[in-house]
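What follows is chain A paired twice: with chain B in the first complex and chain C in the second.
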Partner chain A sequence: MAVEHPVAAPSGDQTRIHNIGYRSYDGPRLGRSYATRSLYSQSLRGAYGLGRSVKSKVLPMLLFVVMCVPAAIMVAVAVATKAKDLPVDYTRYAIIMQAVISLYVASQAPQSVSRDLRFKTVPLYFSRPIETADYVRAKYAALASAMFILTAAPLIVLYVGALLAKLDFADQTKGFGQGLVSVALLSLLFAGIGLVIASVTPRRGFGIAAVIAVMTISYGAVSTLQAIADAQGSTSAIPWIGLFSPVTLIDGLQSAFLGASSAFPGAVGPGNGEGVVYVLAVLGLIAACYGLLLRRYKKVGL
Partner chain B sequence: MYDPTVARLTYRALLGRRRALILGALPLLLIVISVIVRALVGADDQTASDLLGGLALATMVPIIGVIAGTGAIGPEIDDGSVVYLLSKPIKRPTIIFTKLIVAIAVTMVFSALPTFIAGLILNGNGQQIAVAYTVAALVSSIAYAALFLLLGTVSRHAVVFGLVYALVWEALFGSLVAGARTLSVQQWSLAVAHKVAGGDLVTSDVGLPTATVLLVVVTVLATWYAGQKLRSLTLAGEE
Partner chain C sequence: MQLCGVTTGVVRVTNVDDVTVIATESLSKRFPRVTALDRLSLDVGPGVTGLVGANGAGKSTMIKILLGLSPASEGRAEVLGLDVATKGAAIRERVGYMPEHDCLPPDVSATEFVVHMARMSGLPPTAARERTADTLRHVGLYEERYRPIGGYSTGMKQRVKLAQALVHDPQLVFLDEPTNGLDPVGRDDMLGLIRRIYTDFGISVLVTSHLLGELERTCDHVVVIDGGKLLRSSSTTDFTQTTTTLAVEVTDTDEHPDGTRAVREALHARGVEVLDSTGGLPGAGHILLLTAQGEETYDVVRDVVADLGLGLVRMEQRRHHISEVFTSADASDEQQRKEAVGHGG
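Presenting the complex of A and B:
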């Protein structure tokens, strides 16, 4: 029970506001773009566990090493045997290592966005000068950059090794450039898909499972159907089936335009006409992921 | 050993709201694909065996096992609400056992049942293929659920480790290194399937006695150790 004190009604001339010396901030305000850049660099560092606990550095660093070691071995073999060419094309490398790339995006996309949702820190971000679009752009760019570092590093190892082994400079540079374009598209596509799925669930573990399920099940289903279509002799259907999983999308796109040999069964890559559909599908998917993220954060930020 | 309230709560956590939809999407995809394949190819025993072995048993069962196994306990430990469950006068091994039963049931319903339906669609259970792979899915559901439930109590990154085991160890190393196949739930369950189907459409690298013993040992040991882990569970801070 609160004891009621009779409140003495203040008479008019006794109330006044004292100036006790608080000062308003009049230093430089770094503004919206600075906040966005900070969010970008923090998310990028977080994707490799920098600035986080030792435990959370283990997995991304391990996956990074696993990505680079086969490239180093290939270079060593090429140098030792004085081969005329690298054992694997630049464009083919990411397709071979797709399991590692999928695991990376599955583990890092949820850690990038799901924890903000779970600890309800998203509204805190939006109480800063940044807008919804800035948050989405920073997170998307950070994860895509992290994936690009992951996928481009082994290519650089291969390229430097090839030059040290005195392989043909023009040929290697062309292949390296094509490889970089391909992994840039792959990074954007995988990061987009991963973030869209992860941003739906505040549970990190569930997000990881959902991302990996989408990546592997779609690839498993598509390659099974392609193998069956190949066995049935309906080779014209193979490129069209390839449109339905992220990995085969990138594979088809680079075999149509970036001079890669396709990993499709029977090595039947899409021709130029179908290749255009692949490009449209990849760009459309990236745009759709970005749009979905914007829509999601319009709601979740409030 | 079985507590209905814990079971009800676990079912709600696993199948609540949109989660059942996502769990249901994978089996639905399998059935859709088998309808397409049946329409394209017709009934073919080898195709049916490839599809059920490659897609259902190698990919779908482990992933559903990871979601159900770690999802039965992982999120609760993660957000700390498990202390409310642990402070009740229920034995910790009982909690684990109940959660294991639920995880096994969910994995079975969402993986073995669709495998059976897909098998029937693909070749109408010719040469016992549908039944064989269903048995394999049932058997591996038990082992996967126990294994991933243990992972859920051991590590906060249980899902990642579970997926690394299922995808990297069983799929990647299993296809490269022959020795890795001996230590793979998938091969053990295939050994059981081989016994059911007879013939040589369903093959395994492991003999049936070894496979059975290993399956039982892994399941029992994982469940027992998960109970021990839960008895001495400490709630750490975030990461």
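Presenting the complex of A and C:
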């Protein structure tokens, strides 16, 4: 198969060929969808620092542990005290741990897209069979999956613990299912927002700061306004205010439809009518993030 | 796809021989403020083809269009017989691309990076690993391929960039300014490597540069564009035949204290025109530049120097700078214009 070629006079040590001829490749070429899947798995592994330097494994792994430890403690307490119920609802867990989740998306979204922009690797991707949309889908799906792993893992710990503590099976399974749907939506929403912000800047630091700012400032503003509304007795305004930050969006949606108790002041969650608006807002935001990413990468091109 | 079953590079070359690798037909690309390509019609066969032009002449725009990434404003183009407007993905599967700018993440090793890029081209995981090891060896990267790219020299980075363009065994590679930023030795190594991509690997090459000289040595065919227009398209043998200039340097002896002048006079006596070579540079006076009219000019120089009893330090072909092509083209344009005016009057 290999074609032997006489070695030309070596022009330097580095360019010498040791008389092993060039072998051409005639195996399968798996095309666009395979390339997209490869990019997805590479990005997903990258979101936990796998296949990257030791240094870049530290933060995601640490955050993963921080997410799971409280769940483990709760389970231990529930088992030890023979409690009738888990101290925290499945749907509530992600809301309590929102700071950790925000930190994760802030650190990993720029890692996923800003690096390709900064080191100008994007043109190399687009000089291959994949299209802009494939790149965006692979990156979006990878970060959303990474966040789902982060947020669903503690729920699994809780669920397994609940079963070990011999809590009511049907009850727990229903709660667990609702929790999974809730964190799946949360993952899609947070990943979308994080990627849109990060894809604007090739500088990783800016990306991290911007994502954290958007997540915390919006949550801070919304919960302050909600507290003021609560203090002034205008409780009907509370659910509408909640539409303006990612965390409260998920909170409102799950208290309307997923049987969660709301973390809003006075525990006034949106009713079913308002809940529809929440669902539309979440789905609309996810679609908008995807659309913005597509637009962004149409421009980057080569 | 009809070429996929062919196994060895050599067979493939003969198969591709009568095929046009790149064909464009009055290809134009206009941006709001500039016209990057202006009705460019080209036919490029297999082999190493140089695309020469000053910065901003439209070379990179041309590559983008040929990769099917940027639509042409007007005209059409085919790569490997596939229309760029409709078959972009199929073209990109068979073509490699080495960009002009840096494109390597510093925190991964060359092996990891090239494996990833091979998979992005559709190679299955095992094949991607094997091809990566082969390709990196062919471009001259050995032990260092396991170290992070951040610590590489410019020359090594250029090799990694070249490797990622070749790893999926394309039928054609686009190399955008591959010698940029390299020192003279690195340049020569890279040019040698580019030559081997065709002769040893059987992959056709389109290489851009703003230096005509270095492409003349490497390419079978050179295309010169300026301001998006085709200035010249010819095989390199044509080029050298029409433009060869000889540089001659001789020693001085007691008999001829100024050997250079003696040779100049002797050559003049035998009817060989010596160009004015002083140019104001120190040492330039010791080098005689003359136009080679053919093989016999070399003999004349040899005989003249031998008759005078001088030592011949060097006799080499001088390569022309791109600017000379432009000036000669301008001159011929001028002449045509004058003729046209003459006829009109």
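Methods note: the second predicted complex is superposed on the first by the 276 of 302 C-alpha atoms of A that agree within 3 Å, B and C clash if a C-alpha of one lies under 4 Å from a C-alpha of the other, contacts with A are read in each partner's own complex, and residues count from 1 in each chain.
By our rule, a contact is a pair of C-beta atoms (placed from the backbone, for glycine too) under 8 Å apart; a residue touches a chain by one contact, two chains touch by 3 or more.
Keep in mind it's a predicted model, so treat the numbers as computed, not measured.
In the superposed model, A:39 makes contact with chain C only, not with chain B.
Applying the stated contact rule after C-alpha superposition, one finds that A:271 touches neither chain B nor chain C.
Legend: residue contacts after superposition of the two complexes on their common chain; A:56 is shown touching both chain B and chain C. Look at A:284: by the touch rule set out above, it reaches neither chain B nor chain C. Once the two complexes are overlaid on the shared chain, A:31 sits against chain C while remaining clear of chain B. If you count the residues of chain A touched by chain B and by chain C, you find the higher number for C. Of the two partner chains placed around the shared chain by superposition, chain B is the only one that A:107 touches, whereas chain C remains out of contact.
By the touch criterion defined above, A:128 reaches chain C but does not reach chain B.
Residues 52-53, 56 of chain A lie in contact with chain B in one complex and with chain C in the other. Every residue of chain A that touches chain B in the complex is listed here, in rising order: 52-53, 55-56, 59, 99, 103, 106-107, 118, 203-206, 208-210, 212-213, 216-217, 220-221, 224-225, 227-229, 231-232, 234.
Within the complex, the chain C residues that touch chain A are 4-10, 12, 60, 64, 67, 69-70, 89-90, 92-93, 95-97, 99, 101-108, 112, 116-117, 119-124, 127, 131, 134, 137-138, 140, 148, 155, 164, 168-169, 185, 188-189, 192-193, 196, 199-202. Against chain A, the residues of chain B that register as touching in their complex are 19, 22, 26, 29, 33, 36-37, 40-41, 47, 50-51, 54-55, 58-60, 63, 66-67, 70-71, 74-75, 78-79, 157-160, 163-164, 167-168, 171-172, 239.
On the side of chain A, the complex with chain C involves touching residues 1, 3, 5, 8, 11-12, 14-17, 20-32, 34-35, 38-39, 42, 51-53, 56, 115, 119-121, 123-131, 301-302.
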